[in-house]
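Paired with chain B in one complex and with chain C in the other, chain A is shared by the two complexes that follow.
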Partner chain A sequence: MRRAILLACICTLAALPLLNMLPTDNPLHVSDFIITIVGKWLCYAILALSIDLAWGYAGILSLGHGAFFALGGYAIGMHLMRLIGPRGVYGHPILPDFMVFLGYTELPWFWWGFQSFPFAMAMALAVPGLLAFVVGYLAFRSRITGVYLSILTQALTYALMLAFFRNDMGFGGNNGFTDFKELLGFSLNTSSARMGLFYASLLALVVALALCANIVGSKLGRVLVAVRDGESRARFLGYDTLQHKLFIFVLSAMLAGLAGALYVPQVGIINPGEFSPGNSIEAVVWVAFGGRGTLVGAILGAFSVNALKTWLTSVAPDLWLFVLGAIFVAVTLLLPRGLIGLLEGRRK
Partner chain B sequence: MAQPSFETLLPRLGESFGATAEAAEAMGAMGDPRALPLLRALNDNRLGRTADGRLVIDGRDALTGEAAPSPAELLRINNRVRVALRGAMGRLAIVSPDAAERAAAAEAVFRTRSAENVPLLEAALAREALPDIRARLELALGASRLISNDPAGQRAGVAALAQAGTADARNLLLEVRASRTELAAEIDQAIAAIDGKLAFRRAAETLFQGLSLGSVLLLAALGLAITFGVMGVINMAHGEMVMLGAYTTFVVQEALRSTGMAAWSLPLSVPAAFVVTAAIGVALERGLIRHLYGRPLETLLLTFGIGMMIQQSVRLVFGAQNREVLSPAWMQGSLLLPGGIAVTQNRLWIIFFALAVLVAVMAAIRFTRFGLQMRAVVQNRRIAATMGIRTGRVDAATFAVGSGIAGIAGVALSQIDNVSPNLGTGYIIDSFMVVVFGGVGSLLGTLVGAMTLGLTNKLLEPYAGAVLAKVAVLVGIMIFIQRRPKGLFALKGRAAE
Partner chain C sequence: MNSLYLDGVTVMFDGFRALNNLSLIIEPGELRAIIGPNGAGKTTMMDVITGKTKPTTGTVKFGNHDLTRMDEPRIAMLGIGRKFQKPTVFDALTVFENLELALKSPRGPLACWRWRLAGTARQKIQATLDEIGLPDRAQDLAGLLSHGQRQWLEIGMLLMQEPELLLVDEPVAGMTDQETEHTAALLKRIAGTRSVVVVEHDLEFVRALGRRVTVLHEGSTLSEGSIDHVQNDPRVIEVYLGR
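Up next is the complex of A and B:
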């Protein structure tokens, strides 16, 4: 039953771009706007999945997953900037516009290699993974758990935001990267590129879901739940909780990086605002709203909260933050198991 | 040339153009403040002389101010006199009754330094009472003596400049060093002395800025330390409480604007902000947060959502733009400490205020009944409950105090930061860092943590820039937590787990 619903959802999503190709007067026609929006939500869903994997299953509430998402976005953004080549405003064959503007004469070393797509994608996964490894190792080793870890990760994304706002970091400062032209030979503002990115995101989401389902269903997943519910007990039973937590944290960060890498070409911009602590905590609420500890719940949460946000910010923009705040309150006080809990509770 | 007295010069005014000009120049060099209104009147064609030889301005005796009985003939001036007057008036401004004019004149004399100004400056110094202007005059005198041809005067000039110890004095000494080879050794010594003074002053100012930032962090973190330390509640809406405190200050200011109490609006804001935010705190704790005890992560999300709603409400009510909160007169401007260290008054007040709040809170916890109950609940909630302490009530009161202190912090912040709906967001992460660094549950730790963070930030700033200093501090804390996961002042024994 569950499997059938999931499959139906995936098929519906997969059909959206095809409906987009119908003539505009057809009642089933789906606008470009919807395709772009749903494409974004698919990336958010991957981010939600990554948070759920760490929080829902291993009890690691990271308030800094937005940082991994943004780092993945920056990695692909660097690739997209390199591809602009001489088409920039200043027409420099190699340097992006902002570097010419800031008086760079040659490409900084950390930009080397980003002209290659496979390298950029690898970095979009490796950089968040490495950061998560270092932070996770330091934190888990000294047994920083619960709210302490949450605050620490929040400080991490805050520090990164401040750092990326600086012009001399070599990442475009305040303005970040934008004005992208093409990816893998496709011009980004064509509908075929939009479709390609949409399907890539959908595929990534399905693969990520399958991967996560596999992990949480395995013995590893059970140990993680044990760590979540009683870390000391799991440790006394002989499990190396540090290794388990570190593994899941790094994997989760890489998933978030992947989501960011898929997100940036679709929205066409990445700037330090993506690191803002508010973004990370909002993503946590998607998971809580959908139902943490259930993979489908995280995805459901990402879709439903963002659908509500898109609708409400166009109808009554002043109300959105009240509603979001109310979602925080409702989820913690009334719906501890989220939408999924509500649905399952009713079915029983 | 024999030194003419002021009185002997008076009759020469109006004798002839040449005599008038000479008399004006002589008066300018003497630095007698009585000359200034005379020369100004002469320049404006208002100075007259009666038949019996008295000088008159606008029908009144120029020296005594009595009504002059007989008609006066206005003294005439030509361009030569005008030039002499301009020079003399410029130099005489140094003895003007207006302090700001004197300060500006002393500055001007320092810039245009000339040996001729020495007697003028000596006269002005003998009369000057304000320490700030005296310092400027001494600097100008030192500079003028250095230019003069009198070797003893030059030495005195070098000494005076070394004493003044400003960057201007240092530049002047460097300038003169090439042409006064016989003084080179003394000048080098003076420059070294000035460098030492400047370094000391810079260090003192950095220290002050660090203490100021530390006291702001202390105020912001104090309430957090109480709620976090006592109840284990992470209040992410704490920054919004601070913001509400700042807006309360604004509302009190507007309410008292046209009344006689306007000057008292800031002191009155302190209790007002405490009451407003404490009331909101109690409502939050009793209405929502208490349902989530023992689930800190959920509390964190809940309070974040509440903070979001508070922020948006304020944005809708007061608008997104900054609101202006005025500083009372006694908090404006800056204070010159001995050694030439300039400190801004409002930041100085905030340091004292923060310490006063800390002492008050510590005393309340140490000596009051509520404080005793609070400590009992921190040590062991269940046993405290069996002893008859109503832990729910203690929780509510604790949360009220924590929120109220956040409101008070908002009053202080309204003096140095923009009062806008996202005022609190900038402080919340730093405040958490202070609490974690200092050790949860220890107010002393909060003090040490806040000051350490403030000082480290300001010490690093000149080398790394403001943003990198902040990043470095955050990274430093992450590494520090490796060594001491429970913070600087960890609770020991059973209370720790």
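Up next is the complex of A and C:
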């Protein structure tokens, strides 16, 4: 059942950009708007997947995954800023506009290397991974679990948001980065670049799903379930659960970073608002709504909740947060297994 | 095989002596029952042996290994398995998967990811399924087992780790008479090739085991010997049996 849903979804998604190429008067034509927005959802789906891996299987409920997503976005954003070069408003050959404006005379050391795409992509994975490693190590070693860990991760993303708002951090302050020109030689506002990013995101999603499915289907997946349901019992079985939790938390953060790196070129902007705690909570709601601990459910949740959001924020923008809250309450009370549970019926 | 050796072990909790100068030796292959009223220190003793609690003073040794310097996973890997009072099998996994998790194998995350179930491992799991009497429940979720079956699965999980010493906390609490009998037979069968320490309230069960008994009281040993010996010990009668 899950496999069938999944295959249908991937085929539909892969066909979308092709339908975009049809003439505009064709009834099957898909608008640029749809392509851009579905491209964003693909990135959200990777983020949801990363949350499900940590929460659904290892029981690590992070309310700060948006931070890893944003860090991945900032890493690719730095690359995009470097590529602007002399085309900026101030025309400085190396320094991005905001640095010229703030009176920088040379590039800060942490911007070195970002002119290279492979380096920026590596950083989009490594920085979230490293942060997750440090935070995870300290938290798991002190056996901080459950709601305390959630609060900690929530505080982490909030702290990062405040830090990135500061101009002297060297990341553009509250304006963040925007006005990107090109990526890998493609001008970003062409439809071919949009299509390329769309397919890159779809590919990343499929690969990420395959990776996660491979992990949860292995003995490691069963150890994670054991950690989730009885960590001290797992420890008495000889599993050093710190290692397993750390492994999955770091991997999950790297996936979130990848999602952010694919997201930013598509939306054309990254600013500290991306760290806002609400974003992380919303992403958790996607997973809960779709069905946690199922992987496919997380993807389904990301798409359906965002589709609802897109529609609702255009017809009744004030209602959205109430509806989001209501969804979370309803899912918790009525659909503990989420949409997937509903679709698969009352099995077991 | 190693013997377990506790000497002069004291555990203080906020000034309260949960264990008071406790000394105990379990020989290799021995099956020992430990009884005592609530608060006698039985669970604390288990906690000290498995590394969950560190003693305030005293020596805890398993062969030449100083257990007071080791953490829980290392003690578990050393060959000391513990069955908790409340059965804690993993309900979301099948009986087979529960045993597979417990199987002695590399424990790190990457090793677990790469792990493939080979023929000998499958045979070991099958042998344990037979030993605990659950061969036809292998593919059922552990959450669907009855209370007694969960206890046996948990004992099976301990056996998978090929322990030298098995600590079993109140195995027959809440069991039917038939299940109790089955459990006594199971424990007697598995002792010998490994040491087994059983903490129990149920004196009928301890009698059915028919081995050496240690009575704990207020954190130290009150009496030790056969079940008949301790049941006739006036001090035991006073604090425990003669209520």
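We adopt the following convention: the second predicted complex is superposed on the first by the 342 of 348 C-alpha atoms of A that agree within 3 Å, B and C clash if a C-alpha of one lies under 4 Å from a C-alpha of the other, contacts with A are read in each partner's own complex, and residues count from 1 in each chain.
Everything that follows uses one rule, which is that a residue touches a chain if its C-beta (ideal position, glycine included) is under 8 Å from a C-beta of that chain, and two chains touch if they have at least 3 such contacts.
All values derive from a computational prediction rather than experimental measurement.
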Message: With both complexes overlaid on chain A, does A:166 touch chain B (first), chain C (second), both or neither?
response: first
Message: If we overlay the two complexes on their shared chain A, which of chain B and chain C does A:200 touch? Say first, second, both or neither.
response: neither
- request: Using the superposition on chain A described above, determine whether A:155 touches chain B (first), chain C (second), both, or neither.
  value: first
- request: Please work out whether A:235 is in contact with chain B alone, chain C alone, both, or neither, and reply first, second, both or neither.
  value: second
- request: Please indicate which partner A:84 is in contact with in the superposed arrangement: first for chain B, second for chain C, both, or neither.
  value: neither
Residue contacts on chain A - larger count, chain B or chain C: B
- request: State whether A:244 touches chain B only (first), chain C only (second), both chains, or neither.
  value: second
Message: For A:100, using the defined touch cut-off, is the partner it touches chain B, chain C, both, or neither? Pick first, second, both or neither.
response: neither
Message: After the superposition on A, what does A:318 contact: first (chain B), second (chain C), both or neither?
response: first
Message: Contacts for A:226 in the overlay, against chain B (first) and chain C (second): which applies, first, second, both or neither?
response: second
Statement: Footprint intersection on chain A (chain B / chain C) at none
Query: Considering the complex alone, what residue numbers of chain C touch chain A?
result: 50, 72-73, 76-77, 81-82, 84, 88, 90-93, 97, 100-102, 107-110, 112-115, 141, 157, 161
- prompt: Quick one: in the complex, what on chain A touches chain B?
  reply: 61, 135, 138-139, 141-144, 146-148, 150-152, 154-156, 158-159, 162-163, 165-166, 277, 281, 284-285, 288, 318, 321-322, 324-329, 331-333, 336
Field: chain C-touching residues of chain A, taken from the complex the two chains share
entry: 215, 218-220, 222-223, 225-226, 229-230, 233-240, 243-244, 247-248, 348
- prompt: chain A touches which residues of chain B in the complex?
  reply: 234, 288, 291-292, 296-302, 304-309, 311-313, 316, 429, 432-433, 436, 465, 467-468, 470-471, 474-475, 477-479, 481-482, 485
